[in-house]
Amino acid sequence: AGCSNQGQGPAGGDVVKIGWIGSLTGDTAVWGQSELNTLELLAGELNASGGLLGKKIHIVGYDTRGDATEAVNAVKRLVSQDKVVAIIGPNASSSAMAISGTLEEMKVPDIATVATNPKVTVMDGKVKPFNFRVCFIDPYQGAVAAGYAFDVLGFRKAAVLYDVADEYSQGLAEFFIKTFEEKGGQIVAKEAFKSGDTDFRPQLAKIKATNPEVIFMPYYFKEAALSAKQARDLGIKSVLMGGDGWPSDTLLEMAGDAVEGSYFVNHLDFDDPEVQDFKQRYNAKYGKMPELNGYLAHDAFMVLVDAVKRANSFDPVAIRDALETVDIEGITGKIKIGKDTHNPEGKEAAIIKIEGGKYKFQQKYAVTD
Amino acid sequence: MNWFYIEGVLILAGINIIAVLGLSLLTGFTGLFSFGHAGFMAIGAYSAVYFGERMGLPFAVSVVAGGLVAGLVSLFIGRLTLKLKGDYFCIATLGFGEAIRLVLDNVQVFGGARGWPGIPLKVDLVTVTIFNIVGILFLMFLINSRHGRSMIAVREEELAAKVIGIDTYRYKVISLFISAVYAGIAGGLLGYYLTFLQPKLFGLQKSTEYTIMVIFGGIGSISGSVLAAFILTVLPEMLRSFAVWRFVIYGAAVIFIMIARPQGLMGGKEITLKGIAGILGIPGRNRKTARSGEV
Amino acid sequence: MNQILQQLINGFSIGSVYALMAVGYSLVYSIMNFSNFAHGGVIMLGAYFGFFFITLFKMPFWVAFIGAGICSMLVAVLVERMAYKPLRARNAPFLYFMISAMGASMFIENFVIATIGPTFRTYPQIFPAEPFSLGGIYVGRLDMMMFLISAVSLIALVYFIECTKLGKAIQATAFNPRASALMGINTDSVILTVFGLGGFLAGIAGVLFGMKYTVYPQIGFITIKSFIAAVFGGLGSLPGAVIGSFILGIVETMVSGYIMSQYRDLISFSLLILILVFKPMGLMGKSVEDKA
Amino acid sequence: MLEIKNLHAYYGGIHALKGVGISVSEGEIVTIIGANGAGKSTLLNAVSGIVRYREGSIFFKGKPLPRLPHLIVKRGIVQVPEGRLIFANLTVKDNLMLGAYLRSDKEGIKRDLEKVYELFPRLKEREKQMAGTLSGGEQQMLAIGRGLMSNPELILLDEPSLGLAPIMVETIFRVIKDIKNLGKTILLVEQNAYKALSTADSAYMLEQGRVVKSGRAADLINDPGVKESYLGVKVNNRS
Amino acid sequence: MELLRLENLTKTFGGLTAVKDVNFTVNEGSISGLIGPNGAGKTTIFNLITGIYKVTRGAIYFQNVPIHDKEPHVIAGMGITRTFQNIRLFKNLTVYQNVLTACHHNADYGIFDAALRLKKFRRQERELKEFAGRLLELMELSGWKDKVANSLPYGLQRRLEIARALALKPKLLLLDEPAAGMNPDETRQLMNLIRRIRDEFGCTILVIEHHMDLIMGICDNIIVLNFGKKLAEGPPEKIQQDPLVIEAYLGEGGMPGA
């Protein structure tokens, strides 16, 4: 039953639907809600300024609870019932991988926001025709963190604490260790916890005994804040380092001094004027700051708009073709989609340091290979 | 092209029905509570996909073999835990389910927590329907036999069951085994339908959802379990447009049905052909539904 | 040596968190004989109550603390009225209570997500953050408070249940409401008392938990650990629940600290099952032979 | 003292009491006899508030009786239920003390406890045993003792001799008379009709939810119909 | 012919000795009575014979095979079954289902016979159902066939328990106070029923009762327990006159009219 839509809204009228999936409930709801808010904000702005190819954009967002099974259902509904022309999201790699088959069957493109697992877009060396993304991938991020720690900060002894039940955390930990060891550094401890845990002192006490110079903590800000605080409580003085799960105002609020002097890898420089502009618009509408996912949803939307414009059509397959040649400047950096990877090629990471309770942009950093 | 979406939901409902059927035997008929069935599902799923994709067994064979692996594991688990009573058994299964997930999270050959993508899509509505029919018939026949009655006796009054010569332990083992096989098969089907596996899919939440379905449908009713699995799969889909309110409504609905119909949808009764005929006004026996075990 | 001591302290402090939650949970269990899965939800609400009382209404800490306890008590009572009482009226088996409790827990969690939102919230610093330090070993102030509060509430509860008339009435009601009514016990208000108490404990546990960690809609999930701890100790035994909590806390810590943190839960669960194999009713559970 | 009029009670579709009327005067022993399933227990349960009745009225000391069990106990009516319904998970002593739940006269409670122990020395021996592990007869003693502990004005006994050894049955009926001599009123349901009728002042015979005979116990005991169905044809040779 | 033999049977609960060095035998085809004051240990002996309690000391032989270390269901399989003093029916099942469940022993088809509805299954199942039906008729329960066990009057529940036990076609049937809650008329019917069961099923019966009419009326041999020990044994006439038994059990009033 693979009949695709021909760029017509349900009434054949002036509205074109764009789908979104992600978690509005469950333990990753914070990020999902931020994405949907962003898309609704952008769609509203676009509609106010005349819409896209003369049509109004309507965002249809469905909750997945972060569950891959639900994601498949949601996508099926989006493409067959709501007849969306393209889908943005999800943030979880698992969901993004689970929906590939459906996308291909229905020939509708998807632009993932923060799904960082390499296999989201490329499987067994073959690119998946309808999966795209705007974020860089786990190996890259892990390597950036390891490279920066080794080359720039000059650390030789690192410890890793990660969430064993979380795909993202496991991925980052793996690639950090790989790169760090390849460069000649030493991983003195590798400890794990499990999603939902709130106490990390046993692991930290063990890490403390190995005296690392840096502790890599590739997980989300809630756990990051808690573990940072507990690390300081145990008298650990090592530098802490994280990934793109860290950036959030909540981190600073929760962790306070504990994360002072820490570094993390980010998709963007928060001080960038364009970023500031978006932040303000978001805040004006929702009364709070966007989470990191908001910025990536923003760029996913930009990428989509660009593709539609260049395709000059709402035909999903035409959009897909145009997506393969996107090359724009997003707020998270330059996004040039690679034809063979469907990833934003050569997207630089931003290294941020926490100083004086603020995010301080250090430098753009890229590892070559 | 609504059908595409509906078909997807139906397939999922069918997969859930299989898992719930198994659990229904264990909880509904034998009276044992398990919060670890997602664990059996995970074992079934990973082994099925392993058999199918790494060892090249045909689809149906690998799914059934996956179910059997889950069953074998259940024999081991059962040996340790089936002597436990009530909530103690329940927590032991919970522990088991979580443990399975933890192991899978760590086993990198199967992709660890990052999952196993790229499984070919081999499940369609027809496959699921066939599995369902076989599953329902097997269970119905089993329940309406001396073995099924013995299981019900274990649920009702274990001591009395013993003195009328029922080897209660053995029936608990059998019941757990069969339910694990069902769960395993459901897992295999899920893997081949989602084309993706990840330990997170088989969390505690899934186990509890299935338990809710069994109770919701009514203890000791196969048709109730089927109906409940269907309704509770479809309900969240129908509520999809309520976004964040979806599971508020779902939770309220669960409470509501427990209060309004504490015996569950079917309350130990079964939908029978005779009963349907009665509703349609076709002459015959006047009873609308028949008690289970009486068919 | 230092490290072992530190780990032991860590274990105790994690154990007191579990214990604090387990006491309230186990109270309801020992009385009503079913796992009140809504307990986690009430704990979470307690954490929010305390948070809003302190940040929004600028209440002094102790006022907010007790206030959160009372509000949670009301919530627990409300849950009892809505989700359990109608079942009780029909003498439904415990399974139904459990499912109703799951529904309630789902409702509460998602209601909070839908209304307050999924964001994480942090209590302002109330007690000095620096832990006591004794020759390189660190003991958190909040940890000690939790330890004390769970100890005090345990003793008070055990006294209440074992030594007062109302306590006996509660046990009787749980065993057979109908026979209790024949003794002149107002079973309805007795059960409300139990849930009220459980709710109050959940509320203050929530505040402490929220202060120690953070507040978000899923924190109730951690009560699963106290459920496990209660089984460790023997269901229905309040001291068992507390002891089980400490054992679980220490085992988890020791496994993470000295064996392999990846398999922490695997090892604790295996230990649990091992204990149950030898002591099928947990460490302190009463085993009553089925008298025919 | 107790006035029951035209009582109708149902279990779902089963019409268990079909307009029963009974009156009990103060200081009397009134017995109700009837076959299995006649509705005797249902009647007692209706009085003590466990079974709801749809029609009819119950007056106690001239005032309508409340319908909630605990309020009824407050008014001074206690039931020793069929099947004992002891609290298996509590000790013997706890069970007895729960009988005195509504009382606060410490002295009186102590005195009554002594009295119960005197009546049933076995209970004193087993003070600390879990009630659930008592033998059947011991449980029955406990149930009766527990009822006595509430020091009621009207006591409803549902088959108190069930499962008791003959020698204990003697004791029980002696106790029933003793209770009466304390000025209490007793409504007694018994299968042991001969004993019941010889102990009671007046009697009612229930059949399928209806009162079919009533009168002075001494008269009923000689009634041929009663004799045939409830006293056994074989007249006892040793009594 | 001896069917059951207890040798120095002892059972303690913590410090309490409920049964102490009890010896007696039950002959095949007989109806034996087990009486004694409340708490004498009668039910405990049933629990020991049926394997529900583990024997502390001593031995139990059934057809000269030791059974005191066997599981309850194995013992039941050998042909011993019982009723309970506190009725333990499958409360939520119907009368018919209660009996049918207990019939399982008369069939031996396996799970796959059932799942595939093989011939063996169909034939045996038909036989089971016929047998259950006959049993209900014999016990005069046919009229209650589809009633839920829980809603039966007390007396009928007792009768149903007996019916359920008979479904096993037992060699030895243990009845624990079967006449409790019955009036004299019903008790008399029960006596006839017990005799008929012995004759028609050819089984041996051991009964605990406090209704002396019943015990004295149907028993060939009576064993009296007191404080866990055997106090007396013999035919009804002898027991009735035994001063020890009168003192400990029957009471001055002797046998009341029940």
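A, B, C, D and E label the chains in the order they appear, each numbered from 1.
To be clear about the criterion, contacts are C-beta pairs under 8 Å (C-beta built on N, C-alpha and C of every residue); 3 or more make two chains touch, one makes a residue touch a chain.
Per UniProt, the chains are C = Amino acid/amide ABC transporter membrane protein 1 (HAAT family).
Small disclaimer: the values here were computed from a predicted structure and weren't measured.
Minimum number of contact steps separating subunit A from subunit B: 1. Of the two chain pairs shown, C-D and A-C, the one joined by more C-beta contacts is A-C. When chain centres are set by their Cα atoms, the one at the greatest distance from subunit B is D.
Mean C-alpha positions place subunit A and subunit D at a centre distance of 74 Å.
Annotation: 36 Å between the Cα-based centres of subunit A and subunit C. Centroids of subunit B and subunit C (each the mean of its C-alpha atoms) stand 30 Å apart.
Inter-chain centre distance (subunit B to subunit E, centres taken as mean C-alpha positions): 40 Å. Contact with two or more other chains is made by residues 133 of subunit D. Multi-chain contact residues of subunit C (touching two or more other chains): 110, 113, 262, 265, 289-292.
Shown for subunit B are the residues that touch two or more other chains, namely 102, 106, 159, 244, 246-247.
Only residues 13, 16, 35-40, 42-44, 85-86, 151-156, 177, 180-188, 210, 212-213, 248-258 of subunit E touch subunit D when the two sit together in their complex. Against subunit B, in their complex, subunit E makes its touches with residues 50-52, 71-74, 76-77, 81-82, 84, 88-94, 96-97, 100-105, 107, 109, 111, 113-117, 121, 125, 128, 146, 164-165, 167-168.
Residues of subunit C that touch subunit A in their complex: 3, 6-7, 10-11, 13-14, 17, 110, 113, 117-120, 122, 125, 129, 131, 133, 136, 138, 140, 212-214, 216-219, 221-222, 252-258, 261-262, 264-265.
Looking at the complex, you find that subunit D touches subunit C at residues 48-50, 68-70, 73-74, 78-79, 81, 85-90, 94, 97-99, 101-102, 130, 132-133, 146, 150. Residues 1, 3, 24-25, 29, 33, 61-63, 65, 67-70, 72-74, 76-77, 79-81, 83, 93-94, 97-98, 100-102, 105-106, 117, 119, 123-124, 163-167, 169-171, 194 of subunit A touch subunit B in their complex.
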